[in-house]
Every structure is written in structure tokens, then in C-alpha cells.
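What follows is chain A paired twice: with chain B in the first complex and chain C in the second.
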Partner chain A sequence: MKKLINCVENVEREMIEGLVKAYPNHVRKLDCGNVVVRAHKKEGKVALISGGGSGHEPAHGGYVGEGMLDCAVAGAVFTSPTPDQIYEGIKAIATDKGVLMVVKNYTGDVMNFEMAAEMAQADGIDVQYVVTNDDVAVENSLYTTGRRGVAGTVFVHKIAGAKAETGADLNEVHRVAQKVVDNVRSMGMALTPCTVPAAGKPGFELNEDEMEIGIGIHGEPGTHKEKIKSADEIAVTLLDKILADIDYNDKEVAVMINGSGATPLMELFIVNNKVHDYLTEKGIKIYKTFVGNYMTSLEMAGFSISLLRLDDELKELLDAKADTPAFKE
Partner chain B sequence: MKKLINCVENVEREMIEGLVKAYPNHVRKLDCGNVVVRAHKKEGKVALISGGGSGHEPAHGGYVGEGMLDCAVAGAVFTSPTPDQIYEGIKAIATDKGVLMVVKNYTGDVMNFEMAAEMAQADGIDVQYVVTNDDVAVENSLYTTGRRGVAGTVFVHKIAGAKAETGADLNEVHRVAQKVVDNVRSMGMALTPCTVPAAGKPGFELNEDEMEIGIGIHGEPGTHKEKIKSADEIAVTLLDKILADIDYNDKEVAVMINGSGATPLMELFIVNNKVHDYLTEKGIKIYKTFVGNYMTSLEMAGFSISLLRLDDELKELLDAKADTPAFKE
Partner chain C sequence: MTDSKKLIDIIQKISTQIQMDKDYLTELDNVIGDGDHGINMARGFKEVEKKLSDFSNKDIGSILKAVGMALVSTVGGASGPLYGTAFMRAGAAIGAKNEMDGNDFLNAMEAAIEGIKMRGKSHEGEKTMLDALIPAYNAMKKSYEENNDFKAAISKGVEAAEKGVEYTKTIIATKGRASYLGERSIGHQDPGATSACLMLKVIQSSL
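Right, the complex of A and B next:
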């Protein structure tokens, strides 16, 4: 295991502390654990909280700041945060406008966020939530009943965060967040596996000439393994499955080409070159593209494509100001 | 060789086209080759051009836009761009205020940028340049006489770019760029090698328990190989060499923790956690920190630390607006 770490027990805490020390004007850490909130609490708006297992950086701590999240809760690597952690986060950010939780669809995450919401509601805090499930690859998976929440979640942070910043009430922010969930689809692939530090060895294996199509962000099995193909062929494989899932005809879309952690940006741009051309051929208009590491899987090499169908409301919110460590607009 | 590519002959062109298709409001490609310029030329300012071999993305095409570069020229992977390419770039962006070239110190780059400058000067274009040489690891190297230019170059793009945006004349922009060169130092390390697509195999080897200290951004040899140590120990090794090079005592600094391409952001934050504490112990005040992939080496796992000594002028320019595909401020 070749990693830049000190000891496996401390990777999550040291990572969060390193984030906060890098961006002290944006974020601070709560004393109760690996919970990051905005450096300056903003009243008069719905507060957004998200989180999940660590290992997906910059998700989610990197998205705390103006126009996106108010809090991110980091569990152990690839492990749900506890209800207590989430509850502390909710209490720290709650305003009289209430709290929206953005939860990726993993059984543990959903259960723990729901429990935290009940604890907060018992304190009189108004809490609603959305569950992201944008991964079209498989219907059920290792940690999930239903589809997995993956990189499309970042669009929920961005757009619901922008809506909250306008002072909209909780029902409105929830409606917009759900609209993103309803309109975003993703699919990924991997060239190489990743290693959870505490495990010390890769979570799965791929031969030197092999890739996994439809992989999850924790290395969960996808649809199948096959021989590596060209970047263009892989892009079309993923796009065809996404495009078959909901109707993108004549729609405008936002595109995210998301690196899994160890993928050179050069390769992500090569993928985008094909994605752009293929969507254009299909008559799908690209409104905005994001290429980079948005929702990673430790040192996995691979990528995912997310396509978000847009309308005028979503476009305006996507373009709104964001100022966070990992996402500026 | 596990890469998301189509064929090795086309990686540079497809990468540049993928960049331009992702960020059409920021950049466009010249017909003459892999040369990227701002989508909308801005007159009345000194025009900045940089570039070098491909494989360092987002450097340098990702830094073309408001407040940074006007043009980036991409050679083949780890190979200098040709004088013709650079000359075409200079002609495309030249204004009556002149052109500043930001060249990383590699023998081929310096020679080819100088030749292009002579060609442009013969056309009556006023051209000056700075050569970045921030890598303190070794004095001469595989492709370099003198020190290598590495991630600190991005600070030159940012700060000289901001100065140019004010309408300052060429001598002033050159002065500020040289001030950054004089005050920035960097050093890197690698856990794993990288593979130039056309070569098809790694440029160097590292055993499973081994790292290379002081490595260059093309995988050039550093100071030595040794057994992998903890992230904290590695950070201190690099910092001690940087801090011994110029006097950082009682200075304010900008810090860049730069990933080499395949390093998870989690690990870069763990490194920053130590860098922050160590500098603080030494009485060095951190004004601003940047953690991410700024100057990469294909799929190399590793990182570099850059420290820029600041004064009020550099701080103001560092904070000025930048709006490029890979750097927003």
C-alpha cells in the first residue's frame, strides 16, 4: 500500500484538519469529530448538510461555503458517519428556516441521516432531505438498495445551495434539490482498484488489460469486466446507458466528467472530447461542462460521466455564485 | 499501460480539443496546432504566454483566461513546443503593450521560446520573458542546466497575469513576474512513476516500499531514493530543503500542495496538515494555501510543496480576480 499517510487510524481526522488549515476563511471543524461547517454561519437561509464516508474528496468538505453546503460530515473511509456526528452538524448550522440534508443512497448513510434528523426534529429543528441515486449502472449494489448516489450529488449541492442562498423556504429548496435528483444520471468505470487504508489491500482486482464498467464509488461491482477499449468507445458505452434511462432529446444539459482520484486530467479532457461530440451528434445541447476530480474513490483510476437535464431555473442556479474550497463559480 | 486514450499519436490534440469543448467561454484553439488562447482577446494589456510539454495538465491551457494567461502552447508529452507554435501563439495575442513569456527552465523550452521571441521581435512585437527555476532539489538535471521550473510557475501565471490585467506596461509586468521567480521555491517526491503514452512503459522504477525524493515533473531523478516514510516525515524533508534555500524567517508565504496527477486529495490534505503546523512552529505566517492538482506529471503519484514569500504587492495580485478553467479566485 503506497500512500501518503501517517497511520491508518488518523487519516480522516488529519485530512479534515488539513482541509481546514488550508481554507480557514471558508471552513472550520467542530470539536465533536470530523464535521466541517462554514467559517461564518449565515442566518436567514435554509442550511444544507451532506456527507458520507471519507475517501471521496473533495466531497463533501470541499463543498462547504457560500452557495453550496453549510456542513459536511465525514465518516471513516467508505463508511457512513454516525447519527451523533450528523446531529451535531445539524445543530451547528440550523437556522429558523430549517435544514436540508443531501444524502447519497447507501443503506448506512440513509439510516444514519434519518436517525440524526429525528434527533434534531425532537429539538424542534425543521429537517427535510433528498436522497441522490444518479448511478444508472446497477439497480442494487453492495451497500445499496436501489441505485447508488454518485457524482451527480455535486450538482445537488451546487443548485440547492444556490437556491438556499436566495432565502427561499425549506419546501422550495427541497423542491429544487429533488428536481436535480430527478434529472441527473451518472455512470462510471475503473482501470485500477483502490485501497481502503485500514484494509491495506485493494478492494477488488483488475487484470492489466481489464477494466470494470459501471463501478461504484467504493469499488462496488459494476455491470461487468471487459478488455480495455479506447477512451472514445468507453465514453459511448457509458453515455448510451445514461441516455437510455431518461429522455434527453432536445434538452440542454450540464456535463460532469469526474475523475476517480488517480486519473490524469489529460485523460479526462480526452474523454470530454468524445462526450461533447457524441452529445452534439444526438442533438443534445451542452450548456456547461465540468472536468475534474469532484467525487473520487481514493486512488482509483477511472472516471464517471454525469448528465443533468436543465431548465431555466436550474441554469440560473447552476450559474449562481459559489465560493468553496473545491468549487468556485 | 492503462490509460484512457484513443491512440498515442493524438493524445495532445484530443486533450486540447476536450479542454476547449469543456470551456468554450474561456478558451479557443488556434488552427496551427495545440495552441490555446483566450476566447476573447483583450487589448490594452500585456499579453502573457506560457507552455511546455503536455502531461502537466491543467498546466498550462487550464490557466488561460482573465487574470492569468492569454495563451498556452502545448508540445508533445514531456516535449518542448516548437518555435513555430510559440510564434503563432505570440502573434495571436500580441497587443501594443507587448508580450511576456513565462518559460519553465528546461533547455528545450528556453531555446524554443527564445527563437519564437526573435521571430516575433522581427515582426516588431515587443517580447520579454522570465524563466522559472523554483525546484530546489537538484542544480542540474536530465533536461535542464540549472534548476528546473515546476509548480511555482503557477504563481507566476497568477501574479503576473493579475498585474497585466491592470494595464501595467511590459517592464512592470516583467518586474513582478521576476519577483515571483525570485521568491518561490518548490520540491517534490514520487511514490510511483509515470508513463509517456508513446513510450508505453514507465520512465523510471520504484520498488513497492520505495519513494523518490526531489523528483522532477517529468520523472527526472531527484536527490535519492529511500524507503517510504510517513507523510509528516516526507513533508518535513521537503520543507527543510526549501527553507534552507532562501530566508523565510518572519515572512508571510503562499503555500501550494500540488498533486502529481494520481495522488488522492485526501493525501494532499494530510500533507498540508503537517506543512501548516511545521511552518507555524517556525514562525512563518501562511497567508493563503492552495491544495490540488496544479502542475501534474501524467499519472505519477506524489506531490510537491511550493512556498512563495509575499509582500503587500504580491498579496494583492495573488488575491485579484482570476477566471480560468482550472483556477478561479
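Right, the complex of A and C next:
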């Protein structure tokens, strides 16, 4: 394992402290743990909290700031944060308008956030939540935990965050967040695996000429492995799966080409070149495009595509001001 | 059956057993989960051990609740909330007693199982810790009602839990990360059922 770290036990804390030192006007860290909140608490709005395992930077601490999150809680690498940490975050940001939690659909994340919500509700804090599940690679059935929450979650942060900033009440912010969840779909792939520092070795293996289609953001198995193909062919494979899932015909969309951590922007733009042309051919209008590292998987090479169906309400909120370490509008 | 002092001793032994089986539990999880069950459980019970010295003057309910809180705040993942809820519910069921009998234990175990079902939105047959705990509880309850002998009952419970762990090899996971594997999860035993069974075995050997 070759990594820029000091000691495996400290990676999460040192990462958060480094983030805060880089953006002291945006964020500060709570003393109780790896919990990041806005440098200046804003009253009179619904407070948004999200989080999950570390290793997905800039998610989620990079999205704390005006127009997006009020708090992000970082667990150990690829491990959900614990309820006591989430509870401290909720208490720090809660306003009289209540708190919305944005939780990615993993068994541990959902349980830990639910426990924290119960603790906060016992204190009289109004808490609601949405669960993001945008990954179309996993079949959605009654017999699984359901689809995974991946990069589409960033759209929920952006749009629900913008709604909260208007002073809308908790039910309204929840409604808009759920609307994003209902309209965003994603799918990813990997060229190389990643290594969790505490594990010291890669979570899975790929041969030199192989790729994994449908990979999760923790390196979970995808739909299948196959021989590597051209960027255009891979982009079409992922897009076809997304387009088959919900009806995008004649819709306007926001596109996110998300790098997994080790993929150069050059390659992400090459992918976007094809995504743009392919969607245009299909008569799908692209309203806005985001290319970059939004929800990574340590040093995994690969990318994901997210497509969000838009209406006038979502467009306006997507365009609203955001000023966070990793997302500015 | 046991008092606060004996309970602290049992918890210490459970922790020792979990530390010993850390790599084994992690290996089981590597195959069908995300390969951290042993690591996470060992970290959680290390934290529990640190608190044991504070427990000496406490009642059984408070001790179990404190164990649950320690697990919830250090284990993370899915096991943290599940085992944490189990111990907290067990503690609440027993309350401020300094001694517990077989009926108290069974009531606490029933409350723990209900807590796990509620937290995990799960039931028997989904390749989880419930597949060890529910058969164990049923066997123990039957045996205790018939003979009023807790030692005999816990032996029946361990037997049923071991069978339950074996049974998890034959079924598809429908909860947790293992559920992404679908049919590929068949043939592998569930790490959570395994750790639950380990705990019951420690209780058996401690009495």
C-alpha cells in the first residue's frame, strides 16, 4: 500500500482538519469528532445534514456551506458514522424550522441516522429524512436492501440546500429533496480497485485488460466484469442502463460525469463528449453539465454518470447560489 | 442465575472471545459483506472493556444499557446499531435489578430480538444474526418452562444457535450488503449469526 498518510488510525481526523484549515470561512469542526458544520450558523432555515463513510471526498464535508449542507458527519473510511456523532451534528445545526437528513441507502447508514434522529426527536427537534438510491446497477426488489445511494446524492444536497435557504418549511424541503431522489439515476464503472487504509490491500481485483461495470462507491461488485472498451462504448453502456430505468424522452436533464478519484479530467471530458452527443441524438436536452470529482472512492480509477430530470422548480433551485468548499454556483 | 458482578465477568469474557475471533469474523464478512465485522466488533468490545470498571456498583439494567451505548458509538456499520439496540433493549427490559433469574434473561433476550427486528426491519430467514438468536430463544424458553433449569436451557439455546448458523449457509441474504450478491451468498455462513452464537456460547461456559 502506497498512500500519503501518517497513520491509519488518524486518516479521517487529519483529512477533516485539513479541510477546515483550507476553508476556515466556510466550515469548522466540532470538538466531539469528525463532524463539520458551517463556520457561521444560519437561523431561520431548515438545517441539512448528511454524511457517510470517509473516502468519498469532497463528499460530504466539501458540500457544507451556503446553499447546500449545514453539517456533514464523516465515519471511518467506507463505514457509516455512529449515531452519537450524527446526533451531535444535529444538535449543533438545529433551528426552530427543523432538520432534514440526507442519507445514502446502505443498511448501516440508514440505521445509524435513524437512531440519531430518534435521539434528537426525544430532545424535541423536528427531524425528517430522505434516502438516496440512484444507482441503477443494483436491481431494486423486495428481496434486497435496495439500490445504493451514489453521486446523484450531490444533486439532493444542491437542490434541497437551495430550497432550505429560501426559508421554506421542513415539509417543503423534504418534498423537493424527495423529488430529486425520484428523478435522478446513476451508474458507474471501475478500471482499477481502491485500498481502504485499514485493510492495506485492494478490496477487489481487476486484470490489466478488465473493467467492472456497475461498481458501487465502496468497490462493491457491479453487474459484471468485461474486457475494457473505448470511452465512447463504455459511456453508451452506462447511459443505456440509466435511460432504460426511467423515461427521459423529451426531458431536460442535468448531467454529472463524476470521477472516482484517480481518473484524470481529460478522460472525464472525453466521456462527457460522448454523453452529450448521445443524449442530444436521443432528443434529450442538456440543461447543465457537471464534470469533476464529486463523490470519489479513494484512488479508484473509473467514473459514474448521473442524469437528473428537471422541471422549472428544480432548474431554479439548481441555479441558485451555492458557496461551499467543493461546489460553487 | 447471575448478579451484577457475574454479569461483568461474562461481558469481559465475551469481549475476550470477540478479540480472539476477530480475524475469523472478518474473513467470513470478506466473502459476502464488506470485510469488517470482526474489526468493528473488536473495536466496540475494547471500548466496552474500558468501561467495565465503572460498572461494579451498577444494576444489571444500567450495565446492559451502557454496553449498548458503547457499542452504538464505536462499532459503526450495521452491527453497531443492531447489537447496540439489542443490549439497550435488554437492559430496559430487566431494569434496576441486581440479580436476574432465567425468566429475566428470557425477557431480556426477547426484548433484544424485538429491538434487532425493529432496527434492521428484518425477520428470521434473511441470513442475519436473527437466524441464530430466534431459534436459540425458542429452544431456551421451551427448555426453561419444562425444567426450570437455566443451565440446561442455555445448552439447548447454544445447540439451536449453532444449527441456525449452519442454516444461514443454505439461504440467500436479503438484508445488508450481502443482499447485493443474491444467490451468490448461498454456501457462506452469516458473520452476524456467527458472532451472536459466540456470545451465547460464552454465557453457557461462564455459568
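Simple rule for what comes next: the second predicted complex is superposed on the first by the 324 of 329 C-alpha atoms of A that agree within 3 Å, B and C clash if a C-alpha of one lies under 4 Å from a C-alpha of the other, contacts with A are read in each partner's own complex, and residues count from 1 in each chain.
As a working rule, a residue touches a chain if its C-beta (ideal position, glycine included) is under 8 Å from a C-beta of that chain, and two chains touch if they have at least 3 such contacts.
From a predicted model like this one, the values you see are computed outputs, not experimental measurements.
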>> Touch test for A:Y106: chain B only (first), chain C only (second), both, or neither?
In response: second
> Which partner does A:N272 contact after superposing on A: first (chain B), second (chain C), both, neither?
Replying inline: first
> Which of the two partners, first being chain B and second being chain C, lies in contact with A:K29: first, second, both, or neither?
Replying inline: neither
>> Quick one: is A:H60 in contact with chain B, with chain C, with both, or with neither? Answer first, second, both or neither.
In response: neither
>> By the touch definition at the top of the document, which applies to A:A231: first (chain B), second (chain C), both, or neither?
In response: first
> A:R185 contacts which: chain B (first), chain C (second), both, neither?
Replying inline: neither
> Who contacts more of chain A, chain B or chain C?
Replying inline: B
>> Quick check on the complex: what are the chain B residues that touch chain A?
In response: 2-7, 11, 14-19, 21-23, 54-55, 57-58, 62, 191-192, 208, 211, 228, 230-232, 234, 255, 257, 261-274, 276-277, 289-293, 296, 298-299, 301, 303, 325-326, 328-329
> Quick one: in the complex, what on chain A touches chain C?
Replying inline: 75-76, 78-85, 106-108, 111-112, 114-115, 138, 143-145, 198-199, 203, 216, 218, 220-221
> Hey, which residues of chain C end up touching chain A in the complex?
Replying inline: 34-36, 39-40, 69, 72-78, 80-82, 84-85, 119-120, 172, 174-177, 179-182
